[in-house]
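Comments concern the structure below.
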Amino acid sequence: MCRWAAYLGQDIYLSDVLIAPAHSLIAQSRAASECKTATNADGFGIAWYGDRPEPGLFRDVLPAWSDPNLQSLAHQVNSGLFLAHVRASTGTATSRNNCHPFVCGGLSFMHNGQIGGFDALRKSADMLIPDALYGDRKGATDSEALFLVAVGMGLQTAPLAAMEQAVATFEHLSKTHGAAPHIRLAAAFSDGKRLFAVRYSSDTIAPTLYYRWSESRRGWAVVSEPLEQESGWIEVPAGSFCVFEGENVEIQPFRPILQYSDPVGD
Amino acid sequence: MCRWAAYLGQDIYLSDVLIAPAHSLIAQSRAASECKTATNADGFGIAWYGDRPEPGLFRDVLPAWSDPNLQSLAHQVNSGLFLAHVRASTGTATSRNNCHPFVCGGLSFMHNGQIGGFDALRKSADMLIPDALYGDRKGATDSEALFLVAVGMGLQTAPLAAMEQAVATFEHLSKTHGAAPHIRLAAAFSDGKRLFAVRYSSDTIAPTLYYRWSESRRGWAVVSEPLEQESGWIEVPAGSFCVFEGENVEIQPFRPILQYSDPVGD
Amino acid sequence: MCRWAAYLGQDIYLSDVLIAPAHSLIAQSRAASECKTATNADGFGIAWYGDRPEPGLFRDVLPAWSDPNLQSLAHQVNSGLFLAHVRASTGTATSRNNCHPFVCGGLSFMHNGQIGGFDALRKSADMLIPDALYGDRKGATDSEALFLVAVGMGLQTAPLAAMEQAVATFEHLSKTHGAAPHIRLAAAFSDGKRLFAVRYSSDTIAPTLYYRWSESRRGWAVVSEPLEQESGWIEVPAGSFCVFEGENVEIQPFRPILQYSDPVGD
Amino acid sequence: MCRWAAYLGQDIYLSDVLIAPAHSLIAQSRAASECKTATNADGFGIAWYGDRPEPGLFRDVLPAWSDPNLQSLAHQVNSGLFLAHVRASTGTATSRNNCHPFVCGGLSFMHNGQIGGFDALRKSADMLIPDALYGDRKGATDSEALFLVAVGMGLQTAPLAAMEQAVATFEHLSKTHGAAPHIRLAAAFSDGKRLFAVRYSSDTIAPTLYYRWSESRRGWAVVSEPLEQESGWIEVPAGSFCVFEGENVEIQPFRPILQYSDPVGD
């Protein structure tokens, strides 16, 4: 099922989220609490923003708990905006290109959840990726395909609408050619300035999503499950789209309704 | 550019081709003689047939010369039919799924060469892969796409015709949307009983291809470049399709002429 | 803590032990039942005997459940004698050279358990490895050191005595310079003809060890925990040394009493 | 033989040394000009200093030219002091722990060259590593052993003397138990403030070593071979020890004369 954590705020070491907390992301790779698969050992990845428009991206196939490169990077790299993910595969191979986050230009994206029956949908999903972005389709995951389709639908300039349309498209694809549950989604993405998060499901079970403002760090942590026992973690309701910018968060309804003509047919 | 070697005959250890000869395939991964890139260090793979219809497949990203698993396997595994490949990437990432050989059911395939301008063609190429075979499209190489399209065109039952059509299709795709040189091909594939090899180019430079009957082993070696200095290596002319079966080889012309309506448009 | 399984008998596919059973070794890499760490995702390895005196050895760092090379090998390789292991690290890095089994000439060895306080003992342990065998000391595990010391003490010709002495030596090393629990051991090793297993602890908790004769396969399975729910699995008592040869098993007491003068001092 | 490059000066992106120059370190991994092995594809590593006393360390086994993580890191990480290395193995396995640089506390070290007959010396070399530092002995290379012995001899406080003694010790070890050429060394190391480089050989062939002050970057580049064709690269004479600090470089004779009683005997 995967676990992830994202941060936006004053620069901190990645280790403040990945390693230091009692229930850090790396601790969750060994034993998560709030997801179907306790172990998330099918690879990991981090995308972090610095001086450049494009984020750095570091992904590998080892379990996060055993990779010394990740430990070193987390202790050295400072960033005010980053995404980190530990993976439990829902079917596709363990390889670097199937690890999250995914990056396209200055955009980064990660996902916990799945698109039902994706094995039977992958060709159709790949065909929905705009020609100009197909070079960024490097792996075989549902997550990467969803991301690139959303980018093609205007994720850079209209993040809510584009993500709604992309999710609606894949939900429809799954309903017509896939299997239930059609789509379950707790995702985060960024344009290098703001941090976005979505929580949605086509049925009643949406993967968990929380956030918390840290006064000490002056930053937002947005996570699959809380990093420590302390209070202050707010659960995002299913069907929500969050925009974190500076010290503000705005939460809007997330309504993926297919607006365009059906691109794949019934 | 890659180097490869295949064998059909009495059971031998894989090491008889991979390691033992003076200019073995692993030696060629360090320093090939007859190709543009002397070093072929972007991964390797072996597919070997035994008791089952499907071959075994072992691929990894380390240079072939440095992988102890490959050494061990080569010294232990006996087979009367196998394909082995060392890779020099023509653009796509170094990952297991981009290493040759590729396997689809009981068929295996490997390739030295390229399809010109493939970066711009990949989406169209992927779309040509039959829906039922898309689950086998695991990487991003031109070679894997060509193979799966050929399988869809009947490689199992009509190997020459299917490969001609597949090559013609990709040559056309490259001419309309890609770049010169459009297609260069020295490939080998097998159905578990026979060994096939093709040498073709859309221009005047076809990647090298040789074969030799070994009386001592009672088997055929089919290679990118000879494994030793000894005589007996016969060069396959460009535009040829070879069928090795038992102790016989039959060489026919290879004429990839696009017979079907253009599937991708101009 | 690790899980392992070994087999001696008529040739079978490795998959008969690694994949096919309801609680196969690969299933145990995801979720073992009878050990402290349910997840054994810090690498895996197999050593199998065929025509040669030295076994084949294939080890890698991915979790066993996610490695397609392992799947392929297990479905293709037949053997009448093999050792297979999935690792949960007790401290040392995840790397191929820290995965079991270990091989030295025609001998192979794997281990579940640990030597207490090994971090502080490693240099002393390394010094106990005979000069002539130091080239085989490739990693940093307690298991590999124990094995090589045992080889130096005559494991090839007097397996029981050599293993008793090696274990006694390391137990003493841990008592004088390490930490409790000093040594816990469920290990298997082979000389290419016979299969040996040991179960021992310096305290009251010895890692589990079972065996079973399979009438259908005509072979012995020796395991950390049973591969299926069926009856017939016999638990080996702590303090035992088992010798499997042909269709026979002989179980003797295992009494590691330090006979030589203390090689490391107090 | 390996190639390496180090930098001390104003913060720059690692890519300024690793990627951007015409004959960058990654270009040298494909095709070096001034060393025995043109290809250096047995892994790579970078150690870089930032805010912490300990440097970051990132090492992996892929050829440097094919690793996207390295590309990403190099484009993102700024540092005023770093070491980078691409490896051609002189015998030991390709694994992360055998890649340079090596790190011990706040010290980092990398090496091009070898200690003659090291296979036969490794146990003796390991015994020379102080007990307190043995936990940092993670691989099997001559380079890591030399480094840790030098640390034990006072590399932190008396870098010239400690390195002279360590080199003298290993040269003696090779002369008494190894093989010619006994020691060839072009090495760089750092304490997080200064950058040191050594060029030495027990015979007439010392691996190459150059340095250059960059006015535009306001920093020192110290390399195995020049990163571009431009003038200004100064060759360090064999038998020299260089200290780079701020905008100054001081070059002293390097005279490894064994001062202590022979620790290993004849």
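Letters are used for the chains, namely A, B, C and D, taken in the order the chains are written, and counting of residues starts over at 1 for each.
As a working rule, a contact is a pair of C-beta atoms (placed from the backbone, for glycine too) under 8 Å apart; a residue touches a chain by one contact, two chains touch by 3 or more.
The model shown is predicted, which means the values in this text are computed figures rather than measured ones.
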item	value
Copy pair chain B, chain C: interface residue numbering same or different (half cut)	same
Chain A onto chain B, rotation angle from CA fit, given as a multiple of 5 degrees	180
Separation of chain C from chain D, taking each centre as the mean of its C-alpha atoms, in whole Å	38
Rounded Å distance between chain A and chain C, as computed from the means of their C-alpha atoms	40
Multi-partner residues of chain A (at least 2 other chains)	68, 93, 96
Overall pattern in which the protein chains touch one another (line/ring/star/complete/other)	complete
Contact footprint of chain C on chain A as seen in their complex	30, 39, 41-42, 61-63, 66-68, 89, 93-94
Complex contacts: residues of chain D adjacent to chain C	93, 95-97, 119, 122-123, 126-127, 129, 131, 134-135, 137-138, 140
Interfacial residue positions of chain B with respect to chain C in the complex	48, 50-52, 54-60, 68-69, 72-73, 75-78, 96
